[in-house]
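Going by the order they are written in, the chains are A, B, C and D; count residues from 1 in each one.
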Amino acid sequence: MQLGLIGLGKMGANMRTRIERGGHKVVGYDPRPEVSDVASMADMVAALDAPRAVWIMVPSGEPTQQCVAELAGLLEPGDVVVDGGNSRYTDDEPHAKTLGDKGIGYLDCGVSGGVWGLENGYGLMVGGSDADVERLMPIFDALRPPGERADGFVHAGPVGAGHYAKMVHNGIEYGLMHAYGEGYALLNAEPLIVDVEGTMQAWTQGTVIRSWLLDLLVRALQEDPGLTEISDYTPDSGEGRWTVEEAIRHAVPANVISAALFARFASREKGGSPALKAVSALRNQFGGHAMQNTAGKNVGETGTPLQNPSNTAPPN
Amino acid sequence: MQLGLIGLGKMGANMRTRIERGGHKVVGYDPRPEVSDVASMADMVAALDAPRAVWIMVPSGEPTQQCVAELAGLLEPGDVVVDGGNSRYTDDEPHAKTLGDKGIGYLDCGVSGGVWGLENGYGLMVGGSDADVERLMPIFDALRPPGERADGFVHAGPVGAGHYAKMVHNGIEYGLMHAYGEGYALLNAEPLIVDVEGTMQAWTQGTVIRSWLLDLLVRALQEDPGLTEISDYTPDSGEGRWTVEEAIRHAVPANVISAALFARFASREKGGSPALKAVSALRNQFGGHAMQNTAGKNVGETGTPLQNPSNTAPPN
Amino acid sequence: MQLGLIGLGKMGANMRTRIERGGHKVVGYDPRPEVSDVASMADMVAALDAPRAVWIMVPSGEPTQQCVAELAGLLEPGDVVVDGGNSRYTDDEPHAKTLGDKGIGYLDCGVSGGVWGLENGYGLMVGGSDADVERLMPIFDALRPPGERADGFVHAGPVGAGHYAKMVHNGIEYGLMHAYGEGYALLNAEPLIVDVEGTMQAWTQGTVIRSWLLDLLVRALQEDPGLTEISDYTPDSGEGRWTVEEAIRHAVPANVISAALFARFASREKGGSPALKAVSALRNQFGGHAMQNTAGKNVGETGTPLQNPSNTAPPN
Amino acid sequence: MQLGLIGLGKMGANMRTRIERGGHKVVGYDPRPEVSDVASMADMVAALDAPRAVWIMVPSGEPTQQCVAELAGLLEPGDVVVDGGNSRYTDDEPHAKTLGDKGIGYLDCGVSGGVWGLENGYGLMVGGSDADVERLMPIFDALRPPGERADGFVHAGPVGAGHYAKMVHNGIEYGLMHAYGEGYALLNAEPLIVDVEGTMQAWTQGTVIRSWLLDLLVRALQEDPGLTEISDYTPDSGEGRWTVEEAIRHAVPANVISAALFARFASREKGGSPALKAVSALRNQFGGHAMQNTAGKNVGETGTPLQNPSNTAPPN
């Protein structure tokens, strides 16, 4: 079948290749002329036979919202739009409405697999109507991993369910990565473990904790043993935050996922953690313990303080 | 080669089968006569040609310690003992000493793979001397998964390193399982997700979070959709605790693993959490908010309290 | 001065008393005629001399929003409205706009102190313009604790700052209460501690951890030693959630406050934790470990499983 | 009464002063001659009338153990030794045995109050026999805060109970301090809060979260607004670790206290967190996301990777 594909970045370009390998025709649009098949979104729409299918693969938030708005003006009743980006699921209902008012269908599709998806296939989680899912099934089949459809593809529920599932997927991902990270840190700290990299490699087969992420971590350790080249600065791209917010909304405990998220926050605190500065200052106040100043020297160690804190003067 | 194997329980019996499939001769001893090849540990030793190799596969702590003590009296210089159970790594040095004083070698070997190891092979993490590892290599090769030796086997370091690595492996396992658990809970809480089981099955291929544990969780959900048959009561068998204790000893943050461990503790609190009873009582004290009594009724909602807390009488 | 006071519930009624003790005249309105001074909000407004000051002390969200909307229609330019409830700070800017469009001033005031505020005075955190704060200062002075104004009162910033500060205050409160709760649980678990209640009472003077909350916890333990009368079911009223959401928005790690929040969520899970059911099911799947069924019996302990998980068949 | 006091450091010197103010005679011994009353522990013992009472106030672990051993050789049946340091409670039973074998009594006493104890009195938690507690009661009464004995003093249980209670006290302290720290960090992050220090000062009266630690934090903020002079590097002195270890031993969830402990660990990681380096490397591996190198530059952003991870080659 034919597919319009908006966004030919790291993910979009690979997906285009995989879809084409599946025997489909892709008309790709990207604001960067050097990678785009057409000069405009309108040209892309014009190059497709009706009823059309258009896949949006651009950053979530405003960029995706603008695509939806523009497509609502370009497409015709009977066409279908898929948002395959990492949009927050709460954007899906408005997008479905905007398009539905024009008779245009809408699907939200969480896509997992990263840069490996081109070769391995992408895990897909889709939200929307049965009819719209059916329409796009050839594309989904081209993108998903080979083998049983149910292993790598799910029609999870109505509009929003696909991005919700992807959000939870990413939340789990935060937890998994941090669990491996804590284990790695502990192996590093223990002198008995002479071969940290080898230990983690050994875990990749036979063990209970074998996984694709572990394979990748071993690969990273082979490229940079000890991870000496990089800092611990770790961004987060939104879905971990949304997962914790959803956990709060549904009153579901999420200690593991939130710990993983907060650790990333901590890695980015400039000038150190204000919370721990407060703790350090408190230790100094009550116990006269030294604090470390910004130059790393001990300061402030005291004997008996001269006066009571203002509000808790003792009775005598 | 020949191997004496002490302990023919769930793990030991499967390992025996896999070792025999590898072309080796196993003389198994178990206190239960109906599964044992020999009547006593002494008979087992007598049935092996020197230099002997004996593998202990019994519960950690006292049972393993007793085996080591008994073997120290039965074996001869040049023999080697392997502790393949989930012993705490701090037991290894004493065991190595006890045996080494008699000229007997010692290896500690963490074994992962559970009931699936028979077919898939076991992930092995070994601590001890090069010479002792070399001696046992044929057995390790029979047990480990097929393929590259480094994927499924590691000589991690000196005595203790094998159990240390296994302990960290299990700590990671706690974190991984709980991350999936939190994601599962969140999918369950969200009405948009019509197909929870299908969503998790879809994650098993192509996605970033695919793993063997996820495969198993999908399997469990297929057997008992909604996990309606079971309670959330979850034991812990020691290695999660040790991992957190080691994290403390090495001053390594372990928020994810400890959260997973504490969640298991919480699942086993009889009569509810004392900590939250205290919180509930506090809410009642300062705000007059209702508490829930043990019968689930709201109690204690108050208006103005009659007297101040004893120690903080206001100045007026 | 005169004050209109909307909402004469647990908090409002006490505050009215304290304000009147400060020498001011309060015209109270409450939808329950038996506690209301006037028949309607309009009557309340009519009973006040211009320029008026009206204090809203009703539940946050819709009830407060409705009061603001109604007051916008009843009040005159130069009047001032204070929202003293536990509104989310994001409601403040819209409220200020609604009222400001009519020339009516707006302050948001976080009020802490619970049912004890009547006697002890209330801690107040205010957001808004200097002029509006100045106008209400006599009321604030009546409500706040005796002593230095700065100990118990702050003009924290522009509109929204008062409720933001109150939200953070409550987030801290979650963490403090749970820290005491964990300590209480640990004292209970240790047989050496013969006198749990006495130990906590001893902490109320001289120690580093003495506080008003601790005084209250001791009071609760004196009323119900062992807290045997109550369950651990603990509601949350919103501000803990908002605090964690703000921590996420600002990328500030909040491990302690979120742990306290999640523990409350866990106390309210009906039928047990889905996350731990998943963990328990996983332990059964990989290790053949028994699960506990809903009747508390061990089930599912297995020997060798009959088949591999679907997606990870080993190469052989 | 008379008291021998070993250790005249920050705590010991203040305690000596307070005990003397209570009308007692203190013979102090310290290895530093310039602060010591006597030349040796033996001289101290000789200067006291039998039956003697000797208070040890030195660092926990070996220093305290050495004092106990030396006193066992110097004292006589009927004398009593008090360990007032921050010893681990597991040291108490051995100390009691060592001394008890010579007919010497033993008490363990947790002492809280820091450098403020001289003026405010110290909170005391004591373990030991009724008779020994009775013997030392005049000293305890001199040290504890004025007012009701039960507010600031407890005989918590047999030998070990005093240090156990102090350990839990310090664990709670970790949680409390970090809760305030997180709130402080959040106030700092929010532009609406113009007056962070004033907000925290306002919390010191009337609010639910008022406490002595909050008073001290306000004091620290007045001395160094913004805490700009200090780093976030925060030591821990053992009792937080022991508290979490006890929580593990008793299977008591301690998410808040452990989060506070782990945050201190994180503040001291040199070269950044290995766990987050692993997470950052993983993000790069699966998604081609940039990592930050040790110079703070983005590196490693990739397009399609050239080869699959070793162990998860897709079927096609």
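In this section, a residue touches a chain if its C-beta (ideal position, glycine included) is under 8 Å from a C-beta of that chain, and two chains touch if they have at least 3 such contacts.
None of the values given here were measured: they were computed from a predicted structure.
Enquirer: Going by the touch criterion stated earlier, list every chain that contacts chain A and also contacts chain B.
Expert: Common contact partners of chain A and chain B, which must touch each of the two, are C, D.
Enquirer: Spelling it out: a chain qualifies if it touches chain C and also touches chain D; which chains qualify?
Expert: A chain counts here if it touches both chain C and chain D, which gives A, B.
Enquirer: Weigh A-D against B-D on C-beta contact pairs and write down the one with more.
Expert: Contact tally favours A-D.
Enquirer: From the centre of chain D, which chain's CA centre is farthest?
Expert: Between chain D and every other chain, the largest centroid distance is to A.
Enquirer: Through what angle, between 0 and 180°, must chain B be rotated so its C-alpha atoms fit those of chain C, rounded to a multiple of 5?
Expert: 180
Enquirer: Whole-Å distance, chain A centre to chain D centre, using C-alpha means?
Expert: That pair's centroid distance is 40 Å.
Enquirer: State, to the nearest whole Å, the distance from the C-alpha centre of chain B to the C-alpha centre of chain D.
Expert: For chain B versus chain D, the centre distance works out to 32 Å.
Enquirer: Give me the residue numbers in chain D that touch at least two other chains, ranges are fine.
Expert: Those would be 114, 120-121, 145, 147, 151, 178, 180, 182, 185, 204-205, 208, 210, 212-213, 247, 251-255, 259-260, 262-263, 266, 273-275, 286-287, 310-311.
Enquirer: Considering only the defined contacts, which chain D positions touch chain B in the complex?
Expert: 147-148, 151, 208, 236, 241, 244-245, 247-248, 251-255, 258-259, 261-263, 265-266, 268-269, 273-275, 286-287, 310-311
Enquirer: Touching chain D in the complex: which residues of chain A?
Expert: Those residues of chain A that touch chain D are 10, 13-14, 114-116, 118-121, 145-147, 177-178, 180-182, 184-185, 188, 204-205, 210, 212-213, 215-221, 224, 227-235, 255, 259-260, 263-264, 266-267, 272-289, 291-294, 296, 299-300, 302-305, 308-312, 314-316.
Enquirer: Going by the contact rule at the top, pick out the chain D residues touching chain C in the complex.
Expert: 89, 112-114, 117, 120-125, 127, 144-145, 147, 150-158, 160-161, 164-165, 168-169, 171-176, 178-180, 182-183, 185-187, 189-190, 192-195, 198-199, 201-214, 243, 246-247, 250-257, 259-260, 262-263
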